[in-house]
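Labels run A, B, C and D following the written order; every chain starts at residue 1.
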Amino acid sequence: MSLLIQVLIGGMTIGSIYSLIAIGFVLIFKSSGVLNFAQGSMVMAGAFFAYTFVVQLHVPIIISLIITFLLAAIIGMLIERIVLRNLRGVSIISIIMVTLGISYMIDGGALAIWGSSNFTYPKLFPSFTLTVGGIRIASVYLWSFLTAGGLLVVFLLFFKYSKLGLSMRAAADNQKVAVALGISANKILSVTWIISALVATAGGILLASISALHINLSYIGLIVFPVVILGGLDSVAGAAIGGIIVGIIESVSGVYIAPYLGGAFQQVAAFIFLMIILLVRPYGLFGTKEIKRL
Amino acid sequence: MIKQCARKKWTYLIYVGIFLVFPFAFFKYTAYILFMVNMTAIGVIGALGLNMLTGYTGLISLGHAGFMGVGAYSVAILSMRLGMPAYLSLPAAGIITAFVGILVGTPSLRLRGFYLAMATLASEFILEYVFKNWESMTHGVQGLYITPPQIFGIYINNDRIFYFIAATLAICAVFCTRNLFRTNVGRAFIAIRDRDIAAALIGINVFKYKLISFAVSSFYTGVAGGLWCYYMTIINPEAFQLYVSIDYIAMIIVGGMGTIMGSVYGAIFVVLLPEIIQRVMEVLQPILHIEYAFAAFKQIVFGVIIVTFLIFEPRGLAAIFSRFGERMRKKKGGDQKQEGKLVEF
Amino acid sequence: MVHLEVKNVDLSFGGVKALRRVNFQVEKGQMFSLIGPNGAGKTSLINCVSKFYEPDSGHIIFDGREITNMRPYQVTRCGISRTFQNIELFSGMTVLENIKLGRHIHLRSGSLAGMLYWGKAKKEEKALEEFLDEEILNFLGLSAIRNRMVAELPYGLQKKVDLARALASKPELLILDEPVAGMNREETQNLIEHILEIKKAWGLTVFLIEHDMAVVMNVSDWIAVINFGENITQGTPETVQKDPEVIRIYLGQSYGQDMKEGEGTS
Amino acid sequence: MKKLVGFMVTVAFCLVSFSVYAGTIPVGIYGTLTGTDTDVNGMSYGPKDCLMYINEKFGGVMGHKYAPLLLDGKNQIPEEVKIFKRLVDVEKVVVVNGWSTGGTKALRDQINNIVKVVFQAQSFSQDVVDPVKYPYIFIQGPTYEQQVLLGMTLAKKAGAKTFAFMHADIEYGRAPCRNAIEMKIPQKLGLKVLGEIEYIGAAPDVTPQLLRIKKLNPDYVWIQDSVNNSIKILRDAAKVGVPASKFIGNCYDFSHVIYDTLGKDAEGFKALKVNADWNEDIPMMDEIREFMKTHKVVKKDTYYMKGWVQGKVIHGVVSRVLKKTNGKIPPTKKFRKMIRDEWEALVDFETAGGIPPLTYADHQGHQQARLLEIQGNKYVNISDWISLK
């Protein structure tokens, strides 16, 4: 029994990080219908920026965090400005490929700048730990939990009430209508990419500070895919909740099922669960259904 | 007109000549170049498969690495356990993979777009898990060795022999695919891609043809995987991870979705581009001085090329070449319409 | 005899009722027109017949066979084919390929045969092209543009290709959803003539939905009127024109205007 | 079709024209410079730098300079096969420094029967070590299986009764543990293996696996993985309350990053050491420092040292060969053969303290290791060099 509790808590802790990173995916998809394969690389890059300023350049933490987020925002904007803005009306899969190309660039850049060693990540936040049901939870998880939750609330309100948010939804629903309403699609897309880059950076910093920093951090992009789809590609809430669910599923299957099936079952378990959900709800848990018209 | 035919005959003879001489033309580079040509040939077959599914039927698949794996493992197991000769085990592998493909394709009844793509991604991971953990069959993570069959006492994974097998198969694949899109099946695929609802309403059993598309596509991919297995003589699960699927997607997008030659150009591009970048940078090395960042820069350049390329020609190399062909024909005057259509394919 | 029978068909989207217990019968060989103001539910009804929509209740019977629960392609197999209000051509293909697709249900050759393009598949393709040539392309005057991509054709021609695709399956019942909408007088005339001619030649039953009253009144043998998804009345053109209800809800305000539309658009 | 052929031919030609001209003694090295496993690729940079150092310090060997060429195998079999073909056919290298187990297996026939070139594998997998079957493949240190054996022996000494394995679901992870079990190593030592627990290589979190460990509660856990994942394991061990002192890692779990990152959570973590660490006080380190005066070295870790040693071995063998031919470079085929024979003949080859003396009669440089433990944020030797023979 106590084991089960520990399993659940363990699942939630990592799930919180999944949610945080998944939200970045969803934002971009929601506004521009692009599934951003470079998200993982953006996560990694963000983590490395903070590392550079704090450790290599000895900038005070707060300032270096600010600079980091500025840089991330700029990169996000540049990606949108230079690349995606020139790809209007291109088939979705070509855009996938483009984002992959971007991820090659970012990964390569990171490799060129920081090399492929493991780095010890600085302690950026007051680190304390509290023990719940025999699980020692590092503060980082709480931070990511709070950040994810905070972002969730912020974006729910943002999309509900703020003019920009509403227009983003309009744009996502129907470019033409949006244009008719005098909404600048460009502005919206830039904003989305900036926000999403910031989220990625936050995720990167949190993720890096619970393990050694290495360029392979960008794999997280692949690992959260089931989360994004499970929640529904265009639902921020879906991403947040999906993260927790997947975390728990991985944890539960890792402890209770893997011993019988052998191997590393947890990731597969997440995907199998995803398949089952998709067969019941073809647009994820909270995704909006696209209506066929003639 | 007769002159035309005669010239055609000659050009074909020249092609055949090149095809036969090619593997003996490069002195000490032979093995190295042939290896890349062979990988390209395998790539062409796989890319045709993926293009049929994604480019022509409009179903995105991230699971093709898994399908290749199924093909490779089937070949390995059939040939080692049952001692099946290559000319049987390759088609058999294709058929087995086709069944897996149908299985994976079933969700396409309800799933669309990215959600289907993710379902295929899931199947990719599930297949990888099976490869790793069905030890009795796949020998787990250590993978399987095979002793390739021999022709005239030479193992077929000898670069020259394999060149003739793989290249021939690739060319056959190109022609088969071209034929397929002359007939109702191929047309049905395109109809589903363009307007699946209208397709259904004019009498196409959409789901059936989606499954057929998955089956044929995975058949190609399975054969490609089988060839891969014969060539490498070892297969392990780490050889069929997501990056392979991504390479194939790169092939069809860069080459040109929904075009047959596109798959060919794409395969060549994806196999050769990194090598060309490598060589160019080696030449520039004395100027650049980037010992440690060499690989990194290679990666960056690859990314930059793909991105810029897609910005300037999202429809891929095929579009560029056919436009080029148009211009050539305009110059020559319009006496070669048929060839023009050929380029489209 | 009755060719197509629609019995108490109900259809609703969410809360909105699109069709309420709609009834009518189409005789074999008849030129049947379904009219009604915009949003009356005409297209919804034919979408029910061609199975794009599942009716909530009611029956659709064709040739004495219940087709209510069939899949779309099965309906086509039974011998029903249709055109679309806003042309649904496959933009990635040539005119010829689009029309060939109309005949898809009659083609048997599988993928393997197709790949080898040998024997059966090849013969079938040849036969198909001959059929299309003599029965449809020349007849509709599309032979010249057979290899053009449909995307680059003018609207009128696209409409024609759409019709050709519907005819290609050699149906018994042809459903035309506003075939002449947005065409000028000549185009309209010419298309209608073609339709009447082929109807005679093949003994087709034609199910017409059209706003151009002039056309409807001229060609129809029988007209059914619906409004807000309900039967208003049906009968011969004369009776329908006289029907006070119809005049009130439909012809009264928009007849003349529709006539003008007919001329105006070109 | 025409364009296709044209395209291929032109590409072929530009490849030909771009080929670099190899120096007098071409040496081929490939490793994972991008992709997975990059954190240990110091062992691919090592040999290159070492040979460059020798070129600059001694002007190569008997007046012949080395031309080391380092390529990126991406840890992908086809990539490595391609590179191998280029190295041996185009660049005519006399020694190849390889990387992955999979690639080595794929090339086994090429290496030993077709090309016949010495192949120094980075992988320590026992599947590729076999003087009879694979006469041209050499590895530097004890196989993973031997390392497991040592770890278990020491655990036994410390009074362990039960044991468990943790590793990623890849060959490097699973194969050695399976082999160890098949070789009945635990039984012979009277140890009970409670479980073999796997995780995804790239998984950001291994808490569930450690909850299983906690449940099984073995006396010792063998980690068959590299630093990056071992940090995750120790982190989550602390998370669920399993002491780090229960964990023993192999030769790739040896890095200061571990205790820098985890602090006291790493206290008591043990790892095997099969070659010198960075900044150890040995003559070889002075060579490297000298080299660093003129060159940039980014990988400052024990793997770089391992690589440097490999460079020294190559140099040692080549110079022996050239002594035999008194300074003349024999034709490639002969040269490769001679290198192989000399390599096998190496006895107690000294590497300036980089590693225990190397003897390649059994194609394994040495079979010794010593156990280190993290105590107070540094590694402490808790055993002497132990031979695994």
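To be clear about the criterion, a contact is a pair of C-beta atoms (placed from the backbone, for glycine too) under 8 Å apart; a residue touches a chain by one contact, two chains touch by 3 or more.
Just so you know, these numbers come straight off a predicted model, no measurement behind them.
The minimum number of touch steps linking chain C to chain D comes to 2. Central chain (C-alpha centroid nearest the global protein C-alpha centroid): B. Farthest from chain B in terms of Cα centroid separation is C. Averaged C-alpha coordinates give centres for chain B and chain D that are 34 Å from one another.
Chain geometry summary: the mean Cα position of chain A and that of chain C are 49 Å apart.
Each chain gets a centre from the mean of its Cα atoms; for chain B and chain C, those two points are 42 Å apart.
For chain D, residues that reach two or more other chains under the stated contact definition are 33-34, 169, 298.
Residues of chain B in contact with two or more other chains: 132, 197-198, 292, 295-296, 298-299. Under the contact definition stated at the top, the residues of chain A that touch 2 or more other chains are 107-108, 111, 115, 222, 262-264, 267, 294.
Interface of chain A with chain D (complex): residues 3, 6-7, 10-11, 13-14, 17, 107-108, 111, 115-121, 134-138, 207, 210-212, 214-216, 219-220, 222-223, 250-255, 258-259, 262-264, 266-267. Across the interface of their complex, chain D is touched by residues 11, 15, 18, 25-26, 28-33, 35-37, 39, 132, 140-143, 145, 155, 159, 228, 232-234, 236, 238-239, 243, 261, 264-265, 268, 272, 275-276, 278-280, 282-283, 291-292, 294-296, 298-299, 321, 325, 342-343 of chain B. For chain B in complex with chain C, the touching residues are 176-177, 179-180, 182-188, 190-191, 193-195, 197-206, 212, 215-216, 258. Contacts from chain B toward chain A in the complex involve residues 54, 60, 107, 110-115, 117-119, 121-122, 125-126, 129, 132-133, 197-198, 242, 246, 249-250, 253-254, 257, 290, 292-293, 295-307, 310-311, 314. By the touch criterion given at the top, residues 35, 83, 86-87, 90-94, 96-98, 100-105, 107-109, 111-112, 115, 222, 225-226, 229, 233, 261-265, 267-268, 271-272, 274-275, 278-279, 282-284, 287, 290, 292, 294 of chain A touch chain B in their complex.
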